[in-house]
Every structure is written in structure tokens, then in C-alpha cells.
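Sharing a structure below in C-alpha cells format, with a few things to ask.
Should a chain be cited, it is by its letter among A, B, C and D, assigned in written order, with residues numbered from 1 in that chain.
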Amino acid sequence: MTQSYDPQGARRVLDELARQGRDPDKVLAQLANFAVETPSWGYADTGTRFGKFHQPAAARTIYDKIDDAAQVHRLTGICPSVAVHVLWDFPEGFDPKVVDYAARAGVRIGGINTNTFQAGCYKYGSFGNRDPKIREQAVQHCLDSIAIGTQAGSTILSLWFADGTNYPGQDDIRARKQRFTECLRRIHAALPPEMTMLIEYKPFEPAFYHTDIADWGMALLLARAAGPQARVLVDTGHHYVAQNIEQIVAWLIDERMLGGFHFNDRRYADDDLTMGSIDPYQAFRIFHEIVNGTERNPLPIAYMVDQSHNLKPKIEAMIQTVSFAQEMLAKALLVDRPALRDAQARDDLVGAEEVLRQAFWTDTRPLIAAVRQRQGLEPDALAAHRASGYEDRVAKERLDKYGPPAEASYA
Amino acid sequence: MTQSYDPQGARRVLDELARQGRDPDKVLAQLANFAVETPSWGYADTGTRFGKFHQPAAARTIYDKIDDAAQVHRLTGICPSVAVHVLWDFPEGFDPKVVDYAARAGVRIGGINTNTFQAGCYKYGSFGNRDPKIREQAVQHCLDSIAIGTQAGSTILSLWFADGTNYPGQDDIRARKQRFTECLRRIHAALPPEMTMLIEYKPFEPAFYHTDIADWGMALLLARAAGPQARVLVDTGHHYVAQNIEQIVAWLIDERMLGGFHFNDRRYADDDLTMGSIDPYQAFRIFHEIVNGTERNPLPIAYMVDQSHNLKPKIEAMIQTVSFAQEMLAKALLVDRPALRDAQARDDLVGAEEVLRQAFWTDTRPLIAAVRQRQGLEPDALAAHRASGYEDRVAKERLDKYGPPAEASYA
Amino acid sequence: MTQSYDPQGARRVLDELARQGRDPDKVLAQLANFAVETPSWGYADTGTRFGKFHQPAAARTIYDKIDDAAQVHRLTGICPSVAVHVLWDFPEGFDPKVVDYAARAGVRIGGINTNTFQAGCYKYGSFGNRDPKIREQAVQHCLDSIAIGTQAGSTILSLWFADGTNYPGQDDIRARKQRFTECLRRIHAALPPEMTMLIEYKPFEPAFYHTDIADWGMALLLARAAGPQARVLVDTGHHYVAQNIEQIVAWLIDERMLGGFHFNDRRYADDDLTMGSIDPYQAFRIFHEIVNGTERNPLPIAYMVDQSHNLKPKIEAMIQTVSFAQEMLAKALLVDRPALRDAQARDDLVGAEEVLRQAFWTDTRPLIAAVRQRQGLEPDALAAHRASGYEDRVAKERLDKYGPPAEASYA
Amino acid sequence: MTQSYDPQGARRVLDELARQGRDPDKVLAQLANFAVETPSWGYADTGTRFGKFHQPAAARTIYDKIDDAAQVHRLTGICPSVAVHVLWDFPEGFDPKVVDYAARAGVRIGGINTNTFQAGCYKYGSFGNRDPKIREQAVQHCLDSIAIGTQAGSTILSLWFADGTNYPGQDDIRARKQRFTECLRRIHAALPPEMTMLIEYKPFEPAFYHTDIADWGMALLLARAAGPQARVLVDTGHHYVAQNIEQIVAWLIDERMLGGFHFNDRRYADDDLTMGSIDPYQAFRIFHEIVNGTERNPLPIAYMVDQSHNLKPKIEAMIQTVSFAQEMLAKALLVDRPALRDAQARDDLVGAEEVLRQAFWTDTRPLIAAVRQRQGLEPDALAAHRASGYEDRVAKERLDKYGPPAEASYA
């Protein structure tokens, strides 16, 4: 790989901050304290409906996933926690060994994700299901997840519902909305005071006619109906094409309803590609709105990765996304806000845009390298990972331990 | 034109209603009482940014527009009111002559539409403008519109804002949201008690980076912030491609926030085509949700047309849209709801869908013809219009009176 | 189910044909001779990347699939052939027992579909793969498929390639195009003279950055480069949102390059829903272009279903799609083409559109029922299927025979 | 404006080129010789269908437009020619005074654009019109344009057709295709040998049901049918959302059918925003494909701007687009192609992508500044323009000379 960090680059960025009359140390601290949670399932083999292409190094157990997440944290310094999926990672309920294992590996258990979509009983929905027994089962799963999260020290309950219908007439849209409201209220009532409940939205897939929580407006109404600890989770890949995501972020911040992010990128549907691989400028603009909206009025936001793609090596893909997020935050912090406000106040469109572009085109990779070095890390996390031999080692270990993975067929 | 109504067709539909154990007279009454407002600007020449293709019969003055709207009402029986645009139709403020003229023509003034987008001062926005003087001017225009509407006996204030930005950085998204909130509250405070304020949303055009009220969620939040007489207006052409409009309608009904519709159709952007010309099944599903959501819990909904296209003759296009809406309402009323609920209760997807399709594929044009005949109208409004010679007559009159229209150039 | 066919309905449609001066028997014959191939994989369990919801009656073996396809043909009379996927249906190469079994069941083997996407070796592509060994393997699979098809009496080789890249830079787009050209030429050279090679296009999934054959233009160029027996296959679900599919069909007909269809419907991506479940008017317009483009200049077109959804019972879903296709063809045949041409010649937009709508709104289900009765079939195929008890019977048999299906996990 | 160029930046980029073993002078020459044509209509007031917001400095006559284009060329050094629209710029036919004026201003007349969309006679199309008289008129306009272009020394005939239909049934799609083919052949026959005819495609607007030349495949087939001097013109804003433009560019290059570009950006429809203002990474990838596809096999490509937006000052917007294009070309030239090919050859997705990103994130603005300085220009064209006082001066002059512009109304 040809990537080489310019040793003078960090200095140039810090000089620019000084020119703006800002405290470079504060910006460096903001970058060092930025935390991005990585998802356990992002280290496992996933695929499309047409099949999974297995990677020998893919994680199979929660312990493998923790090892991989720890490797990412060791290299980037900003991924101290791992989101877990209760169904896949705590199939038997809470297990203190997992928490201990994570602690020894240098990470901790982060957001608890429920799974009310994979089991056959959810064929017609979970919280939206017309059958009270299935709704009860889904609610119970969420209550169990809260209990597991509480024991694991987690403060985030992350809810994504695959619910919806595939054909007009399949079910009553308003009745499903009301069932959702009722179930969400029940689980909100069980939240411990320090736990936030995040509600994710998604326009489609796996439901293809209507999805019960299809957009941010639906998620916001349900969160408000559920209770004061509910917030909206923005997955950057869950929008209609051409929709302005940063505007939604700005509105959710203004409504104090933004709870967190799932980072990834997409071109067509919910492609779950690495963040910024398709539209880096949009990612920058999202960070710009976050910085803009929270610098004077802080808001707790959970930054999480949700990508699960099958071609890139898992850890490399995670390092790319996490590094990219940190670089974009750096660019957003570099925006000369007084100059921006000044241009806006003169309706100077070109001037205002150039303020944003000046920050966007500034290469912040050297700054991130400097942040890492101050944390005692290698400046180039990807190169360090490749140099570490980790991938080959675990590939061998895991293949030896588990044998080849099972193949699945589309039809 | 080959369209000929089958004389037995209405009888078959009424028999189907009887088979469902329903009162055919009640359905006929619902269809006869259905009212769709037509827009004054839909009778005038409009076009695209590439130019207007003028029609000799296009209306030039508010009096022409009233004449045309009255012709549509005479033929369809369900268009008793005309939406007006204050800027174009009451340029000098309220004019009682217009109200009298409408009454004599057989129609009345309906929704009052404000215009805070055409004047040069609104280049950077109206309610979202950073300049308090421009915001004041826009608010004053809305207050004037309320006064005009009150004098004209209107109960609908219809607000569409073209506000937005064209480039990242142009203005602060949250600041604009807050300015909107404040201005909307001010005009809400001036509403007479019987007037409803409708807030329209639209993803883009004429703003191309961000639009201040881009989706139903934004419109709903602003309407709730504005006050209890504010509702959301759904323009069927103002959505992201693939977005499920009927779900939005169902949610707005459930939230008691649906205030009205602008009917039209589109394929790509806000194409303002005649309703159902591209996707008639979607229009049916919207009516299905309306009937489903309001049959037991009525909600006042203002049905209005907003189409303004330049190729079809204006009145013919209006008759098509209005007739189509009535036909779709008839189909929605034909849905065998007990059978639908029964299929849904058995998770019988195919059965439930077939209930909807049974209604959709039933040809309701004969039923609409029967409704018209009971109202003393010709069964085929389009044929009756063509037979009337109206188009040729007013084309000649208007050309004589006003001369050829001015041409405009794109660049 | 409430669907009941109006006994007078067929008569009314035939009268309308007579009114147009056309031969009703000829239209009835066209409808009876219309043949739609059903896909073997459409009877098996399929799902989304989030999981498969298993159906007890789902086919597991090629024999089950043939049984199910035969059931659909018995009920609809227009599905005499079954498309097969070599990998899943002839895993050991050609097997004459399958052909015999199909013949005894009353159907025959239709289009041969290759599979160069599921095996792990195709992770980076098949014909587009930079590795000549993988390309060789993919070519060999296609040559084997041609041989199997020849032995099975098939005249269609149906090619869909999942090839593409997931990230910018992953491979060289033009080099891949050239590899495709070369491989397609090689397999074209092996075609027996009576066999047509169909090349399918698809904008995305499973590749998310670029797909090697992304649109009809690419498929057409590759088909022309491959040789004279190559044509383009239009899958109705493989287009960008808002793209005008009927125009593509019209152009491909005009270029004599339309080879066949995969019927299904979609709202967002390649949703593989039953045909017409989302946009029936578009399906009608496609048939209108087919009739319009081939009535004077016949073109062999292979009509095939490609839907594979996991919620509707497989056979019911297939009957819906096949019946819908036949109903839409009937509507397209009902278009009063002289009246249409006459309206077009006068630039009478409204008149021309009403000719199309007159046909579209005519309920052709009774006509299809009449066609079936003339073939000795039940008028309502779906009701007949439900009455037959087939679904319950095979569900029990298959569960007894194979046991419960294996579950798969997303991550 | 805060934009300040880092004086060491150019050196760093040149060092990187040297590291790759490449000749920095050659790259500098490629950047200096890059030529982007600006459009005369891009200096005039344009707007949306909702109105034009007039700018006092907007050009009114061809002479104003030449002045403005000359200002852009003086500042950027890479805009030596001006595309003209015959209808607006040569309304009376060829005028040698215009050519002389341009020469004295330091620019020349570039591509000749026809206009067969604005006049009322084109309401139902130009080359696609069913009326042979209208087609004749459109062909004659194109022949006149060729004559004017020949006299003006232009080698590009640029054809965009607004033709299409607004409603299903309005006209026969294949008949229109055939009319297009015939008309294009006629005008191709009149081309002087040195002139290239470029055919542009666009999915929609102003036609909303079907557009005769809707995509690159249609443009390519028509160009091949027209004759050997016809090529395809790619307007970067004329694609379906999510369509992969760089793939189309790569295919057109491979087919030797890419003739030129219209540069702009868009988020939703054909928004005509400044290039790179929404998706700069896509623009980079387009340049990457151009460099990749032509470095060993040169192809004449006409680079032109087509943006015409009404909020940004015209000249500033043009300088932004032109500078951006040059910066992206520089990034594309910086791609370490041997390293890229090496990563591709190892299926190293992450490594290959990082090669692209390394180039993309390199700030090439200092390099462009250096190129300008070598040409005797100011390094920052936008700052130089603002410092020049040009905008204020011509605003005053033009307002004095022409008075305020006429206002138009939407309805």
C-alpha cells in the first residue's frame, strides 16, 4: 500500500487551527476522545441473499469477535466497546465470562442489539405482529436484552425492527403502528434509568411493501410515545436515495432526539459498505451538522459502526471506517465557523461553501496519525494491522478450531 | 374518443355492495358528496424552466379561472370550490367582486394559497430567511392572506414554502427551522377559529441542496409547534421515489394530523401530471387508507388538485383528475373490509391482497356515471365537455380580449 | 376469498372486440397460446440476507419443483415449461430421468439458467474475474449448461451474472468488459443453431459499487458482440427507480434484440414480488408495447417468471403472477389501436390516453376465465388450487420425506 | 474567504509524482493544457419554473457573455472557448462581429448548441414530432447551426433534444425513434469533416412520461445510426439516481463513443449545480476512468460546463466548477496506477481502494495554483476575481445599459 503520512501535515493543520484562534490541544483531545463502537457481527461472515463468501479469518464465536474488536481498538485507540447481538452473542442469556473476556482483551460490551427478525415466528412481524403471543415473545426478548445489558454494564438498548408487509392489504398499517406503540412503552418501562433506548428506521428490506418504522419521522413519533429515554438512531444507509441525511441529523439534534448512529455507506439500497467509500462529502456534512449542533449544547450521541460486508477482510474494513470517521470529525472541527457565519450573514453562497470545502479538502490523515502517536499507537492503523500478522494467524487458528464453515444455497 | 359507459355496470357494482351487506344508497351518497377543489392556477398557462407552451384557451384572469372551474363543476358535480393564489388572484387585496362572480358562476372561493417564493426578495427564503425584514414581509403576506380568506369565506390557509438552500453551507439548517417555527406561530395566532392552516412538504425544487420542509415528519413537527389548527398537507407528487405514500397518509390519520391533499401524479420529480396517469394503483391504495382510517373516526380532509401542466388542455386535464379521484374513492369504498380483516387475521397474504384487487379491478366508471345522472349531469364529463364547445369558444374570446401571450426565454 | 367472476364479463369484452371490427376468436387464441414459463427455484424456499422463512410445502428437489410447476400448468393452462438452474436442478449433469419425470407430469424443461455466482470461487466475479482459471471454470459451466439444455430439448440459455465490484478501484471496469466479451463469444460459439442466448442486466445486488452488466445498453452491446443468437433479457425488477421500462422494451423490439422477460414486481430494489402487485399499470404498458411492436413484425419472446419470495405460498404466488400476465396481455390486446393512432395523429393527448385507459380499466378476468373454460379448466385458478388440497398434501409429504429444513443465520 | 494556498503544497505533490517515477513536468503540462469550455447561457439569468431571481451582473447579450467567459479564461487559463446557443446567441444567423469580438476578448467560439425546444412549434417534439413540417423545421435549424458553426470555426455540434411525451399513449415510441434516426442521419450528412456531432441524453424534464433519448444506450444507438462523426455527450446531471456514471464513461471510452461532457452536479434531478458541490468523489472517479481509459489510447473529449443556476454569482460559480474540474483531473493524474494494478492483481480490495483515496485526499489546490503561476496567473482565481471588481463594474454597466430585466410569473 502506498499510503504514507506526511510528517509535516499535522503541523499544518494545527497551524490552521491556531490561525482561527482556536486551541489545538482541545481539538486533539476531541479527536482522541471520540469513541466509535464496533459491532460484533461485523467480524463474522455475512453476505447477500445470493450467498456468503466465507473468509477464513471471520469470527465465529463471541470470543473471536471480542478478539477482533480488541485488535481494532489496539490499533485505532477509539473503539473501546463492542456492540452485541443478544441472539448471536448471548444465546443462553447473560454470561459473565464474556464480560470478563472483553475486559481482559481491553474492550467492553457496548450497545445491546435485539433480534426480532431471524426466528421463523417473526415471519409476519414482531411488535407489529397481529398475534399477541408473538408480540409477547418479542417483548420478552427485549426485556431479556435489557436485563443482559444491565448486567453487562451497557447503557444502550438498540432496536431495529424488520417488521413490515410485502404486499398491499397484508395487514393494517395503523393497527401495526398502535401495536408498536404499546410494545415500545412496555419495554421502555423496564429500562434502568441510565439506559437509553435507540429506535432505528429503515425504508425497506426485508419488507418490500411497507416497513413499520420507515423513516426518521416514524421513529421520532414512536420514541416520543415510548418515553423520555427513547431516542432515534440514524443508520447512514437507511434513507431514500437523494434524501438529505445531514438535514435529518440537524433536525433530530434540534429536537434533542438524536441518540446515535450506525455508520456505513451505500450507493443503492442498504449496502452496508465501509463508511465514506461512496460519498465521503456527505459523511463530512453529517459531522459538520453534529459539531454545529452540539458545540454549545452537548448531546450524548452513540457512534456505532454497522457494516457487514463479505468481500473486504473484516478487520481492515473496520479500521477503514473508524479511521475515516475520525478523519471526517477532524475536518468538521476544522471548519472555520466564524468565517462561515460571516459568509452566511452576507448571503455569500460561494464564500460559505468555500469555508466548508477548505476544511473538507484539508488532509486530516496526518492529524489523526499525530493523535495516535500521542496515544502511543502506530500512525497508520491499517499498515500496522497488516504488519501484525493478525489476520493470517487467526485464520489458521479458527480454521483449525472450527473447520470449514457450512455453505448455504440461495434457493 | 372510444370511452363508452356500460349501462349495466353500475348495477353490477351496486349488487356487489348488496352482497357485502352494505347500503348502496349510502355509498352513492358518499360519492356524490365527495368534493374536490380545483386550483385557479391549474387553468392558467404554466410550463417548465425550458419554457411555456401557450394554449389559446388558457385562463388569464381570476374571472377566466372561475369560469373554467365552474365548467368543471357543472360537468362533474363535485368541484364546488376554487383554490386561489393570493398573489395572482387577489393582487390588490380582497375584492368582493371576485366572490360575487364565483357565486354567480356556481362555485365559491376555497383554499387560500400564499406565495412567498416568486418575488425577488425571497431569493434566499421567506420564513427561513436570515433577514428579519424579509421574514416580516412573508409573515405579513400570510396575515393578509388570512384576512382575504376570512372575507372570502374560506376555511383553509394553504402554505407551501419554496425555502431551502442550494449549496452546503449556504445557511444554518437549525436556525432556519427555528425561524420557521416562530413565523408559523405568528400566523397561527392570527387564524380565525374556523380556519385550518395546512403545511405542505416537498423534498426538492426549487431548492436543490436542502428544503426547509422536506418531508412529512418536518411538516408534522412544524404544524404541532405552530398550534392546534395546523395540519399537514400531502401533495401526492412530493415524495422521494419509492416512498410509500399511503403509509404516510395512514400515520397522519392516526396522529390526527392529516389536513388535506394536493392531487397529481409523477414519475420522476414533482411532475404535476394528472392524477393516476402514472400509478393508478397507488392512488387507489391512498384512498383505501383514507376510507380505512376515517370510516369510524371521521377527520376533515380537504381534497384539492394541484396540477399545472402545459400540454393537456387545462379543463380536460382537470376533468380527468377529478373523475379519476372519484372512481378511486368508489373502488376504495368497494373494498370488502370484513373479508379483508378476515384474511389478515389468518395471515392469508394472497387472500387479503385479492380483496384489494377485486375492488381495484372493478370498473367503477359506470357507477360514477350513475352518480352523475342522479345529479342531473351527463354520465361522461369529458365527452360532455368536448361536446359543449366551451374550449373553442373561450379560446377565441380570450385571444380576442387579451391578444397573444408574452413569450419567455430560458436563458 | 371473495373473487367471483362475472359470467357476463367475457361477453362484454368480446362485444367490445367486435365493435372494433376485430376477430374475437383470434384474440381468444392469442390468450390461450400465450405461454409463461415458471422457474424451478420459484417453488423452493428463498429469502433475504436476514433469513429464510421456511414453508412446509416448499419444494426441495427438482422433482418437487416439477410437481409444483405441473400443478400451476394444470390450473392455468399456459405454463407448459419450467426454467431450471443447472447448479440446483442438475447438480450431477444431465439426467434423463428429470426430463421423463417432467413429461409425465405434463410439463417440459424450459430455459437453462447458469449459476456463476454462488460458489466461493466467484467471490470476485465469473466472466469478469481477472483470474483466467476462474473465467475458464465459469465458461465451462456455461458450456455444460448448453450441453444439458441441448439434451433436455431446451432452446433458451439464460445468463445472469452477479459480477461487479463493491468498492471503487477494486478492478478495472473496461478490462472486465473485455473479459465478458471474450467469454460470451466463446459460449456463443458453442450454441446449437436452435438455441437463443439471453443476457440479463441488473443495476446492483449483489455488487454494490458497479455491476458489469448494469443496464439494457450494456446487455445489448455484449449480446451484439457475442453473436447473432444472443438477445437481451428484461427482468422487470432490474431497473433504476423511475426508469421507463416500456420504452426500453420498445427500443429492444425495434432493434430486434428483445429475447425475453423475467416477470416480477418491485417497489425499491430487486424485490422479486409477484407481478403487478405494486405497479399494474406499468405491466400493462409493457404488454402494450409488446403488442404494438410485434403485431405486424413478430418476434420470438420468451416469457418467464422470476420471483422467489418467502412470504406468499409459492404456488399461489405463481398463479397470481401468471394470471395477472394473461390479464394484462388481454388488456393490451383490447387497446383500440386505430383509435389510438387517430388520437395521436391529432395530438389529442387526452383522447390517446383514454384509449389506453379504456383497455386498462376493462376487467379482463372474466375473459381469462372464459379462455380457461374453453381449455377445460376451472375459471378461477387460485380458487381451484385452494380447493384441490394440493398445498396441504405436499407440505405433509415433504416434511415427512425430508424433515425440517436447515436454519441459517445472518451473521 | 479563508481559502489560502499552502506554498509547500505543490512541492509535496510533485515529490509524490517523482516517487512514483513519473515526470512532474508532463503532469503539469497535462493540467495546463486541460481545456474546459464554458457556456454562454451560464452567464445569463436562468431559473426554475417557479421564477428567475435576477442578478444585476447577469449577461444579456452575446457580447456580455463573451466578456464574462473571457474573464473566466483570464483567471483560470483553461477556458479558451465559449459554447453558444444559436437561438439566443446568433438569432439572426452567423455574425462575424461576434467571432471578432471573441477573438479580441481572448476567447473563441466553441461548441454550437441547437435549440429545438423553446419555440411553441416544438410542443410535441422536434425530431420526434409526428408532423413532418416540424421535423423539417428542426432539421433546418440544425443545418443552419452547422453552417454557423463552420463559419465560426467550431468543430462541435452539440445536440440536446427535449423531445418526449408526458402521458402514456401520447405518441408511438418506436415511430419517434425512427424519426430521430432519419433526422440525425440527414444532419450528419451535412457535417463538415472536421466537425463532431455530440448527442446528449437525459432521463426526464421537460418530458415526464418518456424522453426520446433517455439514457446513454439510446444516445449510442442513435449516434451509431447517424454516422461516423457522431458521439455521445455525457451530462453529469442526466442520470437516474444511484446510476454509476463512471462506468458509463468507461464503457463509452471502450466503445470509442465518448465525445464530451457537460459538467455540473445534482442531488435530485437535473439540478445544474456547480460541479462537485454535492458529490466530489464521483467527479474524481469519472476523471479516474478518463485518465485510465485514454492514457494509452487517446480519445478527443470535449469538456464543457453546463450549469445555469440562479443563486450563485455566475462568474464565481463558473470559476468554482472549472477549478474543481482541474483539481480533480490533478487527483486522477496522481493515482499510482502501477500500485493500483498491483493491488487489483492480488484481489486486495482495501489496498486498491486506498490507492484511489490516497490520490483523492491529496490536496491538489496548491498544484493548480502552481500551474496558474507558471502561466502568469494569480494562484487563487476566485480571490483574484473578487479582487478585480469585475462583478460590480459590469452589474452597474449592464443595469445602466439595459435597465431592469422583465419579470415572469409561474402561472
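A few remarks follow.
As a working rule, a residue touches a chain if its C-beta (ideal position, glycine included) is under 8 Å from a C-beta of that chain, and two chains touch if they have at least 3 such contacts.
From a predicted model like this one, the values you see are computed outputs, not experimental measurements.
Taking the definition of touch as given, a chain qualifies here only if it contacts chain C and chain D alike; those chains are A, B. Superposition on CA atoms relates chain B and chain C by a rotation of 180 degrees, given as a multiple of 5.
The distance from the centre of chain A to the centre of chain B, with each centre set as the mean of the Cα atoms, comes to 41 Å. Looking at chain C, residues 123-124, 166-168, 170, 203-204, 209, 241-242, 244, 267-268, 277-278, 281, 311-312, 343, 349, 353, 355 sit in touch with two or more other chains.
Here chain C touches chain A in the complex through residues 41, 44-51, 53-54, 85, 88, 117-118, 120, 123-124, 162, 166-168, 170, 203-206, 208-209, 241, 266-269, 271, 273-274, 277-278, 308-309, 311-312, 407-411, going by the rule given at the top. Interface of chain D with chain C (complex): residues 123-124, 130, 166-174, 177-178, 203-204, 209-211, 214-218, 220-221, 240-244, 246-247, 250-251, 253-255, 281, 285, 288-289, 292-293, 340-341, 343-345, 347, 349, 352-353, 355-356.
Those residues of chain A whose C-beta lies close enough to touch chain D in the complex are 1-3, 6, 8, 12, 241-242, 244, 267-268, 277-282, 311-313, 316-317, 320, 336, 339, 343, 349-351, 353-355, 357-358, 360-363, 365, 382.
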